[in-house]
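As structure tokens, the structure follows; a few thoughts come after it.
Chain IDs A, B, C, D, E and F follow the sequence of writing; residue 1 opens each chain.
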Amino acid sequence: MPAQRDDSQAHGSAPVHITVDRAHAGGPQHAIKIRARDVNVFYGDKQALFDVSLDVPEKAVTALIGPSGCGKSTFLRCINRMNDTIPGATVRGRIELDGEDVNDRAIDPVILRGRVGMVFQKPNPFPKTIFENVAYGARIHGLTTSKSELEALVETSLKKAGLWGEVADRLHQPGTGLSGGQQQRLVIARAIAVSPEVILMDEPCSALDPIATARIEELIDELRNQYCIVIVTHSMAQAARVSQKTAFFHLGKLVEAGPTGEIFTNPRDSRTQDYITGRFG
Amino acid sequence: MNEHIVKSYEDELNTLTAECARMGGLTEAQVGDGIDAVVRRDTTLAEAVVARDERLDVLEADIERKAIRLIALRQPMANDLRKTVAAMKIAMNLERCGDLAKNIAKRTLVLTEAEPMSPLTRSIERMGKLVLGRLKDVLDAYTASDLDRALAVWSRDDEVDEHYNSLFRELLTYMMGDPRTITACAHMLFVAKNLERIGDHATNIAEIIHYEITGAETIGSARPKTDALAKEI
Amino acid sequence: MLTWIALLALFLFSGATYAFGRHKAQRLASTVKSGSFHSLPGYHGSYVALWAGLPAALIVLAAAMLGGRMEAALLRADPPAAVSALTPQGQNVFYDDARALAHGSQASETVYAGDLKTAIEAKAAQAKRLEQLIQYGALAAGVVVGLAGLALAYPRIGPTFRARNRVEGWIAVLFLACAVTAILTTVGIVGSLVWESWRFFQSVSPVDFLFGTQWDPQIAMRSDQYASKGAFGAVPLFAGTFLIMMIAMLVAAPIGLYSAIYLSEYANPLTRGVVKPLLEILAGVPTVVYGFFAALTVGPIFREAFNNLGALLIGGPLDSLGIYLSQVQNQMALVAGAVMGIMLIPFVSSLSDDIMNAVPHSLRDGSLAMGATRSETVKLVVLPAALPGIMAAMLLAVSRAIGETMIVTMAAGLQAKTTLNPLDTVTTVTVQIVTLLTGDQEFDSPKTLSAFGLGLTLFVMTFILNVIALRIVQKYREQYD
Amino acid sequence: MTDGALPKDKTAFRQGLETRLKKRYAQERRFRLYGQLAIVFALGFLVMLVGRIGLQGYSTFIDYQVTQTIYVDPAKVNAADIVGSNFDRLVAEQMLARMGETDDESGEASGKMMDIISNDFGYQLLEMVRDDPSLIGKQVTLSGPVKADAALYYKGELKRSTPQDERKLDDRQLTWLDKMQASGAVSKGFNLDFLTKSDSTEPEQAGVLGAVVGSAMMLLVTAVLAVPIGVLAATYLEEFAPKNRWTDLIEVNINNLAAVPSIVYGLLGLAVFINWMHVPRSSPLVGGLVLALMALPTVIIATRSALKAVPPSIREAALGVGASRTQTVFHHVLPLAMPGVMTGAILSLAHALGETAPLLMIGMISFVPGVPEGFTGAATVLPVQVFIWENASERAFHERTAAAILVLLAFMIIMNLAAILLRRRFERRW
Amino acid sequence: MPAQRDDSQAHGSAPVHITVDRAHAGGPQHAIKIRARDVNVFYGDKQALFDVSLDVPEKAVTALIGPSGCGKSTFLRCINRMNDTIPGATVRGRIELDGEDVNDRAIDPVILRGRVGMVFQKPNPFPKTIFENVAYGARIHGLTTSKSELEALVETSLKKAGLWGEVADRLHQPGTGLSGGQQQRLVIARAIAVSPEVILMDEPCSALDPIATARIEELIDELRNQYCIVIVTHSMAQAARVSQKTAFFHLGKLVEAGPTGEIFTNPRDSRTQDYITGRFG
Amino acid sequence: MNEHIVKSYEDELNTLTAECARMGGLTEAQVGDGIDAVVRRDTTLAEAVVARDERLDVLEADIERKAIRLIALRQPMANDLRKTVAAMKIAMNLERCGDLAKNIAKRTLVLTEAEPMSPLTRSIERMGKLVLGRLKDVLDAYTASDLDRALAVWSRDDEVDEHYNSLFRELLTYMMGDPRTITACAHMLFVAKNLERIGDHATNIAEIIHYEITGAETIGSARPKTDALAKEI
């Protein structure tokens, strides 16, 4: 199983930077997609993130875990600059997407968000038809030029999200009529339709039951062959199941990051160990 | 049985079982070759067996690592958990079988230095065939998840013991008859013991298969002995 | 007229530039990789159209609005000698007439002769020229600016040009302008009230106004008459306002609150579905209707009831009370207060209902699951949780009661008395404002201006109440958001 | 851990609970009853209000028309000066003649007759003769209403049993009325005039058309100004504005404006629009401006709450897909909030429709006998009409007031219903 | 470890009733506290529960699991008649609490709810002080006669809920100022203060992070020595951790019930197996 | 190391370790008694050892069941998981040691029928002491989570092997010298072999302890052999 062995080899490379990210240079086959360096985030006077440096590998799932308020969601929202939409939030430090600093003035956040899709905790389809939900991104970004092209795009996206079979015959019914799990997959299809490079997921299963959760996890597993996926999750078990790399945040700091298999069987930092074994606090 | 919703989980579990089955095949070959080496006094084969043993060790370590990884990352429940634990335990048993086969092969190297002892060799060969058959049966039962076949192996444990006991007596007689054969016979004694223990491991594996499939920790009351490895002298 | 035509033309022109811009963007977009064109073609079109249309339109509009004043100012630039000799008022009339003559509108009846006649003709001709100059000048400027805008914007269209951001910037400005209107309203209110009140307080001291107990805003016929400027002590008005407000709240608070409780905690969906809209109707009834009802129905009923009661009491131990009651008139504080209270019921109930509904359902579940009855849940959990909000609702109701005009105007009376007797006729601040300002008054007299003094007082009072109430409501909402 | 505080004897404990339970349930019933009483009271009042006004006003919609053939007496009509002739008197005399009576010298009888039949007859005759002087000397058939007091008699509100000096009409007039009715000249019908005529000093000729049109025009001005500005301002505050002291101030300010007494807006209108900007007094324009300012905060607040009701997840969704703020607002938030916005707008317009006090400040109280001529002409509106009529001393105007209120209420209810239907129709789907 | 062996012995007793509840007669030391028989629940025309028969043992934690909409919460709410507060809900069948039918007319729901406490998904402390929150039940039921008695009750309850140490010095501060996990423990203390016999918990940890969840689970584990606890949970892992008996619901039916250890290592019904191993649907 | 928030989880884990340690103590006693029985030719003790072995089997089954239950119900992670798996594996090793001790005891019953062979017995006694010491050391290391001590046991594995090899040669010499002793010596051969294997199990346990504490699957490179049980002839 080469994929699994990679994980255990990944931490062999020496860190370029003084950091706790064990797999700084990524696995041998996983190029780095996102490179965060000394990211600090403030909400008003309150500092929410302290000097976070993390590498997120391409074509793999990276899970961010940690207790409530540890800054994992904050970090996630830095990547597509969703923090810009929160009044009083300031982000310092570099976050590079393929080498470009996302906070650069030359980067239009709207375009950035087209490249970095996002899936939220609560499924949030627009109260429009399933078709319109998926087609929306393409419309605003002007990705398609004809109706047939758009239809093809919607179909492809829904297929990738594993939803086509369930909704093919009711594309023009409201997306809000679907079940929670289907809605979440619809939202993923919507994100995929803009052909993003990265998909951020902020606790995508916390509102779902175990079966729907399993389906989403299966979907994530399939998607990771094509996208760089970063997922924030409350559930350590979920992080263990879906991710290839795990980063543990605590009190706004990145405590440890490394291959998932290792984090969950043999973490380096005692705080990580305490957290994942249920000894914290 | 339905498939898991998460395909990669299904895959990992299947990989574990498959790897276990592959290890079973390798072990079977090792045991067969070990017996052949002794019977045919084939040192080349014996050396090959000794050399190949490391692969089994690596396989066992790999299966164990994967099983622990699976437990840590997938939190298997119910039959999945049993399957994982069974794979781990079967791998341990197979690894022991491999060690025993290697041990037999090593002894071949000593035995070839002594005179051949045809009647004894035939007895060993017969016992070897029996043990190998049991091992093969139980491994087939594992790959096919065939409970009946596993139980059949399990219930015929006594045959090997009888063989061993008679071989033990035969060897003692031989040694007393011709003290020059004592060294060779002492090694033969261990070969017989090893075969007997491979048979016990097969019985163990049958028990593990039973546990994996039914979830029951003990098999009814057909056999009074609680531990297959502890009954011989 | 010319302005409208110009605007229409501009609109069409701007529409055409939109089409051009959009087309160019589309053409360029088809040559590059999909998605790599920053903005959708529509935005490029809009950007061009905005530059081509908006500044020009502003120029034309400005000319239309300010043209008259410019013209008037220019006209006065070199006054003929004959005009300079006129009084300032005469000059004003002269120039107005000149412009009226030029534009063919109604001039004053002043007869001009001699030098003045030539002067006015000359000035009228000049006014005509000026008007045309301004109009056509603006038009020309509009054309130039529109074309310049087009020339500026059109070449910018390209894959990396952020047309969307620019267009959205324009839109944001429009939004902001609308929001500023609200501020301007306040500025207008405060400004006008303060200005006029200041004028009032120049003739009447604020102390007399606020603490005087005599309200008699008559204008003296003769200068030696009593307090030649009338008496402007507002205390009786405040007392009347307060009395009526108290009566209204005594009616509205319990009934409104209990209605809200029943609706939000007890009523089944059906009852709620019927009763709520009905209560809303009660809230939608214009106050003038309540006033009518109070004056013509409730007033007589109350009077009759009290008169009859008085008749019963006369001769008994409460003889004097009886006599008093038998003389009660239609217009009394009680009537106005009671009807106002009823008017406020839906106001109180719907606000309280909202506030109680904001109390999370889980709290009710929590209480019920502890074995509390519904009323215990309401009294011990829902009401305490909603209390600040309900208090705020009451304050808002008080503020309404204070500012309510029509009911009191029609049912309370005009006699300024400092009394707490609900059967007496009283008058309120709002009634006095209406009385002072309806009919034709000399706008500069203290009598008229006193209305603004009262208005300012009213504004300040209600403003303070509102600020407090809204603060509470806001804090309360945050608690559960 | 001490369990001392917890009851030990279970049965005794439960019995204790049950005795208390009776009291608790009694409380419960009382509490519920108070709620029911409050609702019954409020609704009872509503029924009383509407019932009473309905009873008072419905009779306005019934009128008594007298149809009479009049001989245009050349002796009384001067063909050279038609306008100068006294047609009223002519009609009255002819009427008297029908009764078999003649006018006395002082004109007392014809005066009395003029008190019971409308001077509309005179106008009608004047018009006819002026248009066609050849009618002089011919018979003309006229039909017109009786005077309001006479109609009250027919409706039974003015009774013969009342002592003569306490009623408006004396016995003689009542006898005439009886005779007229007996002769079949009087017909009872639906009073269309009330809806098609404008204000008049004569109660029987007064209608609400002018007020309705005035209200409509004023409301149009209000709607055109308040709704777009309000919606845009609210959208700005809710979706775009940075959260800082300034926007907080604006927010507090708007909430306060919504609670400022309406009469203050009247003062504002008087000072700013009339005294400073010289917008024509009493016009729909100035009324609309004042009401627009008044309705603006309500529209803003309604819009904001509709916008707030759109879940933030929708905004995040749109932003997350790469829509800009403006796109998010125009593609998702506003369309979703629209039903709420429209409902709020209609309700605040309905409220503006019923507003009276500020209009009194800007001179709308004046008597306007006709439909307003454009937005800058003098106009009156329904609620002010109600106020004016209520102040009139004639009793017959009270009946008209009630009728005008019915018309006003009808408008309010239609607008409210529209709002409710809109709300139902576009029930939130998230 | 006798406690654990009990579980595996529990299913030895023969079911009295034709049912899937394997531990119908409870373990040898766990008397049956709640005995449900053929419970059917309708919301309007929709049937939400079909013939559910389940025995809930005394002094043990019983977990109800199953996918969304399987009726587990509905069943829970039958026990203290909270379904009465939902318009249009009808309950048929017997639910016995110590042999008394809770739906009997002689049983007053107010008294019943005093005996059967409930903890909800979202922590719902009343917006009062911590003290008043805990004292609430005692006040409405008139359980204490003096102030000192009430204070003792509050202290005992908070201690039992493991919150005393954290709040002893701020009893008179608002309960809503506590963290989510503390609030949930406060709510448990509030329920305990009425000295209930049964505590129902409806997904008590779904709004909490892993650390707070662990604390609540620890608390539940301590409480089970004194109370009969029934917990509805989305998380199978949680059911596995905290409960002694597990009941699996599916489509409104009770599929299987039995000792937790067995349900999670060796379930009888293939649907249970599929569900807990993530094979469902 | 902090405690788990959930006390019962902590308890269950500790119980598992404690039970394992207890099983270790029992095994130690069994091995010691088995050796004593052989050395002192004490059949009563031997019978007692045989009889007590079942307790070890039960203990092992119990530990395994608990470990699987713990994995299913608590989803242990990281060091907890390693602890659980380690307990399971150590129990298996101990059970094997117990079996071997029983086997030694059983052979005592046969050996007492033959003449005593003092020098051999002394050799066995010395080897027994050595093996027992190793077992004791490694079990102490386990209870104390003492990595150094476990590594010390692990690195001194060769001593036992040397002992075994010399004993093997001694026995062969003995048999050749006096064929009457062949039966007894054959049994002694197995006793020696069993002791050697108990030593191997001790080494195994040391490796398991190393895995439990560090999480690393192999111990550095100090010892080239991958499997402790596979090195002897």
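Remarks
Everything below uses one rule, namely that a contact is a pair of C-beta atoms (placed from the backbone, for glycine too) under 8 Å apart; a residue touches a chain by one contact, two chains touch by 3 or more.
Chain by chain, the UniProt names read as follows: B, F = Phosphate-specific transport system accessory protein PhoU.
Here the structure is a predicted model, which means the values were calculated and not measured.
Note on connectivity: the fewest steps through touching chains from subunit A to subunit D is 1. Of all chains in the assembly, those touching subunit E and also subunit F are A, B.
Counting every residue number used by either copy at the subunit A-subunit E contact, over half are found in both chains. Among the other chains, the CA centroid farthest from that of subunit F is the one of D.
Subunit A and subunit F, compared by their mean Cα positions, are separated by 50 Å. Remark: subunit B and subunit F have CA centroids separated by 21 Å (rounded to whole angstrom). Note on chain placement: the centre of subunit A and the centre of subunit E lie 36 Å apart, centres being C-alpha means.
In subunit E, the residues that reach two or more other chains under the touch definition are 110-111, 114, 140-141, 211, 214, 236-237, 240, 264-265, 278, 280-281.
Chain contacts: subunit D has residues 24, 324, 327 touching two or more partner chains. In subunit B, 4-6, 9, 68, 72, 75, 77-78, 81-82 are the positions where the chain touches two or more neighbouring chains simultaneously. Taken together, the chains touch in the following pairs: A-B, A-C, A-D, A-E, A-F, B-E, B-F, C-D, C-E, D-E, E-F.
Those residues of subunit D that touch subunit C in the complex are listed here as 24-25, 27-28, 30-32, 34-39, 41-43, 45-46, 49, 52-53, 56, 228-230, 232-233, 235-237, 240-241, 250, 252-257, 259-268, 270-272, 275-276, 293, 296-297, 300, 324-327, 347, 350-351, 353-357, 360-361, 365, 383-384, 386-387, 390, 398, 401-402, 405, 408-409, 412-413, 416, 420. Here subunit A touches subunit C in the complex through residues 108, 110-111, 114, 140-145, 195, going by the rule given at the top. Subunit C contributes residues 268-269, 360, 362-363, 365-373, 376, 380-381, 384-385, 479 to its touches with subunit E in the complex. Of all residues in subunit A, only 236-237, 240, 264-267, 270, 273-274, 276-281 touch subunit F in the complex they form.
Interface residues of subunit A, counted against subunit E in their complex, comprise 67-68, 180, 208-212, 214-215, 234-237, 275, 278, 280-281.
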